[in-house]
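Working notes, beginning with the structure itself.
Residue numbering begins at 1 within each chain, and the chains themselves are lettered A, B, C and D in the order written.
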Amino acid sequence: MSGNSFGTLLKLTTFGESHGPALGGILEGCPAGLELDVEAIQKELERRKPGQSKIVTQRKEPDQVVFYSGLFEGKTTGTPIGFAIHNTNQKSKDYSHIKDSYRPSHADYVYDKKYGFRDYRGGGRSSARETASRVVGGAIAKQLLPDVKIQAYVSQVGDLGLTKSAEELDLSLVESNPVRCPDPKAAAQMETYIKEIKKQGDTVGGVISCRITGVPVGLGSPVFDKLHARLGAAMLSINAVKGFEYGSGFEGARMKGSQHNDAFNSDGSTQTNHSGGVQGGISNGMDIVFSVAFKPVATLLQPYTTIDSEGNTVETQGKGRHDPCVVPRAVPIVEAMAALVLADFSLLARTDRFDVD
Amino acid sequence: MSGNSFGTLLKLTTFGESHGPALGGILEGCPAGLELDVEAIQKELERRKPGQSKIVTQRKEPDQVVFYSGLFEGKTTGTPIGFAIHNTNQKSKDYSHIKDSYRPSHADYVYDKKYGFRDYRGGGRSSARETASRVVGGAIAKQLLPDVKIQAYVSQVGDLGLTKSAEELDLSLVESNPVRCPDPKAAAQMETYIKEIKKQGDTVGGVISCRITGVPVGLGSPVFDKLHARLGAAMLSINAVKGFEYGSGFEGARMKGSQHNDAFNSDGSTQTNHSGGVQGGISNGMDIVFSVAFKPVATLLQPYTTIDSEGNTVETQGKGRHDPCVVPRAVPIVEAMAALVLADFSLLARTDRFDVD
Amino acid sequence: MSGNSFGTLLKLTTFGESHGPALGGILEGCPAGLELDVEAIQKELERRKPGQSKIVTQRKEPDQVVFYSGLFEGKTTGTPIGFAIHNTNQKSKDYSHIKDSYRPSHADYVYDKKYGFRDYRGGGRSSARETASRVVGGAIAKQLLPDVKIQAYVSQVGDLGLTKSAEELDLSLVESNPVRCPDPKAAAQMETYIKEIKKQGDTVGGVISCRITGVPVGLGSPVFDKLHARLGAAMLSINAVKGFEYGSGFEGARMKGSQHNDAFNSDGSTQTNHSGGVQGGISNGMDIVFSVAFKPVATLLQPYTTIDSEGNTVETQGKGRHDPCVVPRAVPIVEAMAALVLADFSLLARTDRFDVD
Amino acid sequence: MSGNSFGTLLKLTTFGESHGPALGGILEGCPAGLELDVEAIQKELERRKPGQSKIVTQRKEPDQVVFYSGLFEGKTTGTPIGFAIHNTNQKSKDYSHIKDSYRPSHADYVYDKKYGFRDYRGGGRSSARETASRVVGGAIAKQLLPDVKIQAYVSQVGDLGLTKSAEELDLSLVESNPVRCPDPKAAAQMETYIKEIKKQGDTVGGVISCRITGVPVGLGSPVFDKLHARLGAAMLSINAVKGFEYGSGFEGARMKGSQHNDAFNSDGSTQTNHSGGVQGGISNGMDIVFSVAFKPVATLLQPYTTIDSEGNTVETQGKGRHDPCVVPRAVPIVEAMAALVLADFSLLARTDRFDVD
């Protein structure tokens, strides 16, 4: 299986299924000499972990990261940072009912066809639990970018969406409510709605938006590794994501050039930011802004009809502990992936010029 | 500069600026023994080339590809396919007026900041002319996928959008009009609109949608290299792209799981296709459907105010030969990138199982 | 730090220092459906582990591998195989004397200059302990190659060298003595010599040779990834290796073409094997044969003079538990690296041809 | 076919067969702002090109490089440098006699088995002509390393070997004779010997040694990408190479640690250089010294017996224009590959430390 690594110089490789002994990863390319704030990493894991509020899955996992290598006397040594998060609360029995049947809009069917069989417990490698390793890698990446601030937030749940832009919102309020929406009034409505949905045994989709400030000019690459292409790949690699847009996004397709162009100020900043902080694939020093669409979680706590591996129709019922809406817990994942992209490009940018005096 | 290669096993590396002697690339990993239809490749280049109709740039470039290696007696040998497209109609003088000033919403400013100076003629490496090399690579990739049909089309220009889905449209009509929109009536309206915009010296954005049929189950990878993540990265690496969505896309964020889940038929196909042909990052045998948003071209044939490299305000005027709307010519580019992604994953899928009998 | 991964499709990434909590790795790209013989893996680790005989270091490490992922009901799932080997017997105090001084012919000095500081305990990332992870990866790779037999053996210790070639030796005797030399008489002499050297607090170099049988025609690639170039890179990445040669090797440089050419038999095999099983970088079906030179271990249990980080001369004394001769324990490492190379090329070879019927 | 690229940040990808229209490559990752000395590049090509003296092949190829991209007003722009060398003097007819037969110790047989057929003209992709592209890439890499001096030279032809080490020789004499041996007396003997061998229609092997001065401390990586492992892979990827050793090499295997260890001087330099300039995979500031063994060229201008693709015995006769001894022309190739390795590691070293003030 290809595709377990992310990044060029700062490279995260992850391993692990939700119901094996542990998951974790190796972060390569972290430069030597960074005083690592391990507590800050654990704090990011808490933001992602199950059971943190009433609107997320009630599974209890401590999600405690253990570091195996790459650190000496509190500092990164330049060698690979190996880490693991041990699984402690697997209820594999919850999954025995799907051993021979394919849950709709899950990866069960494609795994069987592709690999010949599958680890049916909890989605195996496709479990969103894999993203815990990304949060660890991303939390280290954040520390490599002390001047950059990455702030993701929930901007939509079902039909309930914010009308204000990132600049108009007070992003310091993101952690003030379990939805992670910076508009307290909208957050309350969203929370109520998610609880309702949960009661129905149903689920709902949503959108996470992100604003990144303090990015220097010059990160990204002009052709295949455009900054926004890597951000897009990063976001689309998160479970349940269906779309990505940055700057003017899909709305930009409706606009004329005379409306869309961002006129320069004399210091190189721009008067508008339809570009979303990226020109020709390279950061231009303005805020990077993008949005990520998440589909509703596929596991419903409702009876449903599906097929088994022989193609027979089976009646079954969703079980287990699942999120009614994935976006509140996905906020730190979006931030982590963005941090990995930016920190990687920061290192690459050190090699842009022959003369580095 | 990183990021000039795309793909893992089938890998395209491109070189070239719009105003240098030539651009081209190397396609590695093409298996041996494919009878290459060189004419079909040239035909794809014709779909992308300037001057093909009245609604695209009037620059005249023959865009003739020359193959240097990797072929013997009409068949691929398994060795790298080197190719070039010589530039013949550069009017570099058209760009002397921007030598010292930064065009709004272009990469001029970020290049100077990143690399210390820039090849200011025609956008240099950031020119959409680079995509000609992708079309060559993609046209070969298409031939590696004889059972797969990739059909992109214009689904929106400015505010003029199609309401029918890919399944409801007759995609055989795409090439029947210069807009490359499969709905003849909408196409006519779009064409009129683009001509109007052009007369104003303005530009307009648009959306390209794509349907891919005949994809086998099992292409893609569960984590970072999800099929849709690679498709997204591919599309976002095309000039002027602002967003990507597949299946239900951003609309899916509004839906409930009970609406969104795709129920199985007994043969493994699904009754709906909100998944867009991809489950957990792996193709499920249904049509792959996605959309790509393009911003309006930044070069306007209007006077505008901007800054020079010293930060002084300068009054200038857009010149050169440019597209009023980029989407008609971007259709083959979208297809080319999709073909590269799918052919690469097809090769990777040969290594999925230990026992390959 | 780059360079913690080895392989293209079958890719091993390792982490870990000798004195951290654990070392381990991630093996990606192992196809699904292989019944993994975990005992066989542990057995390979026993061949590498310290304390196995009187002529190796007396450090006691159980070197027990734990698998975290990638397995389900005894079979590989196609997902990354994460594993760890916990360090249990670190005596970090043994290294406090070198905290501020640079041991001759160790990496201490270059680490300080490169990274600004170093984990001085046991060589950190440069410890040969890292190779335990390679042995795990290689043992899995061996199982991916059921028809291939990889047999490394000690062919020289100091000046004591075998005169017989691999074909003339009975390689089933390799494990019959602690030196891992298949010639019992020579083995006894080598053992005596190593014990003598050890008594002197000195160390000695040696050579490991390897014969690989059962390799199909067609593994390897014609240009940069020649089979022997990858084997060479693999071997030269093992600690203390100073040279690599295959087939006729350095002796071949003395020969004429009329002597060196391997004439064909009618079945495509050759009458001689100066090629060492590789033609133009691709396996030709003959035995692959190569040799690897190891320098004497740098840590002597003798007093010596060196410098500290300020450049002052210091008198010190080698401590710790070290091997007097590295080659007996390096035999399974050579085999592991060879297995990783061959298994990777086996997977790559599945994509050689367009038509795979 | 994998393996057409070399390098991580500074990456050369080559294409081309000896009898196609052109060969060439793309050099990615060359930093912006280097004033490129194009003449110096062409000069390196002259050192490699056929027909330069009486002891090399008499084929006449101008080997003129054309640059397609990556340069603007004489300086590198940071974008990929695309280049081609057009083939002008192919005598493909010289090869029709081998269309259906397999030359001994050539890649003909393995190509047919691997790919199903082959471009039989001049060895196709396996032709040493491919190395012209490496010389171009290496010549640019040399310019990225203004303080480093890479000097390869012929140290052995057949049994005629130098007894002096690199330090004892006057390497400024390398270009003073067609053998490229810095000892004039030995050079004369070697030249006479090669002419004799040529008269017999035979060929002979040889050794190239290399000394690199001015390398800063800190290039290379501790595990798989050890500096000497990358150098070894680079050298073993050159056609006809059978072995690589650095520093004490195979001789080091005979030594005791008490003889082999390089004692430090107070400035961090060492009193001896058995390490060959590399400690633990990382340059230590001493001269890098290594040797590369080349087998005799396989094409003899003598009658020989071999098999055809059906396994029938055929009598044939070597034709074409070939080198009686490959080492004189391989000297610039060795230097080119070494330069690519060092320049790549120089760029990577910019990311070693978090704090780069």
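The rule is short, and it goes like this: a contact is a pair of C-beta atoms (placed from the backbone, for glycine too) under 8 Å apart; a residue touches a chain by one contact, two chains touch by 3 or more.
These are the chains along with the protein names UniProt gives them: A, B, C, D = Chorismate synthase.
These numbers were taken from a predicted model, which means no experiment stands behind them.
Enquirer: Identify the chain pair with more contacting C-beta pairs: B-C or A-B.
Expert: Answer by contact count: A-B.
Enquirer: So which chain is farthest from subunit B, going by the mean of the CA atoms in each chain?
Expert: The chain lying farthest from subunit B is C.
Enquirer: Averaging only over C-alpha atoms, locate the centres of subunit A and subunit B and give their separation in whole Å.
Expert: Roughly 26 Å separates the two chain centres.
Enquirer: How many angstrom between the C-alpha centroids of subunit C and subunit B?
Expert: Computed from C-alpha means, the inter-chain centre distance equals 46 Å.
Enquirer: I need the residues of subunit D touching at least two other chains; which ones are they?
Expert: 1-2, 4-5, 9, 14, 29, 32-33, 78-79, 114-116, 125, 222, 348, 352-353, 355
Enquirer: Help me check something: in the complex, which residues belonging to subunit A touch subunit D?
Expert: The touching residues are 9, 29, 31-34, 76, 78-79, 144, 222, 347-348, 350-356.
Enquirer: Please give the residue numbers of subunit C that touch subunit D in the complex, ascending.
Expert: Touching subunit D: residues 1-6, 8, 14, 102, 104-107, 109-111, 113-116, 123, 125-126, 130, 156, 158-159, 197, 202-207, 217-218, 221-226, 228-230, 232-233, 236-237, 239, 242-250, 252-268, 270, 274-276, 279-284, 293-300, 302, 304-307, 311-313, 348-349, 352-353, 355 of subunit C.
Enquirer: Spell out the residues on subunit C that touch subunit A in their complex, using ranges where they run on.
Expert: Those in contact with subunit A are residues 1-2, 4-5, 9, 13-17, 20-26, 28-29, 32-33, 66-72, 75, 77-82, 84, 114-119, 124-125.
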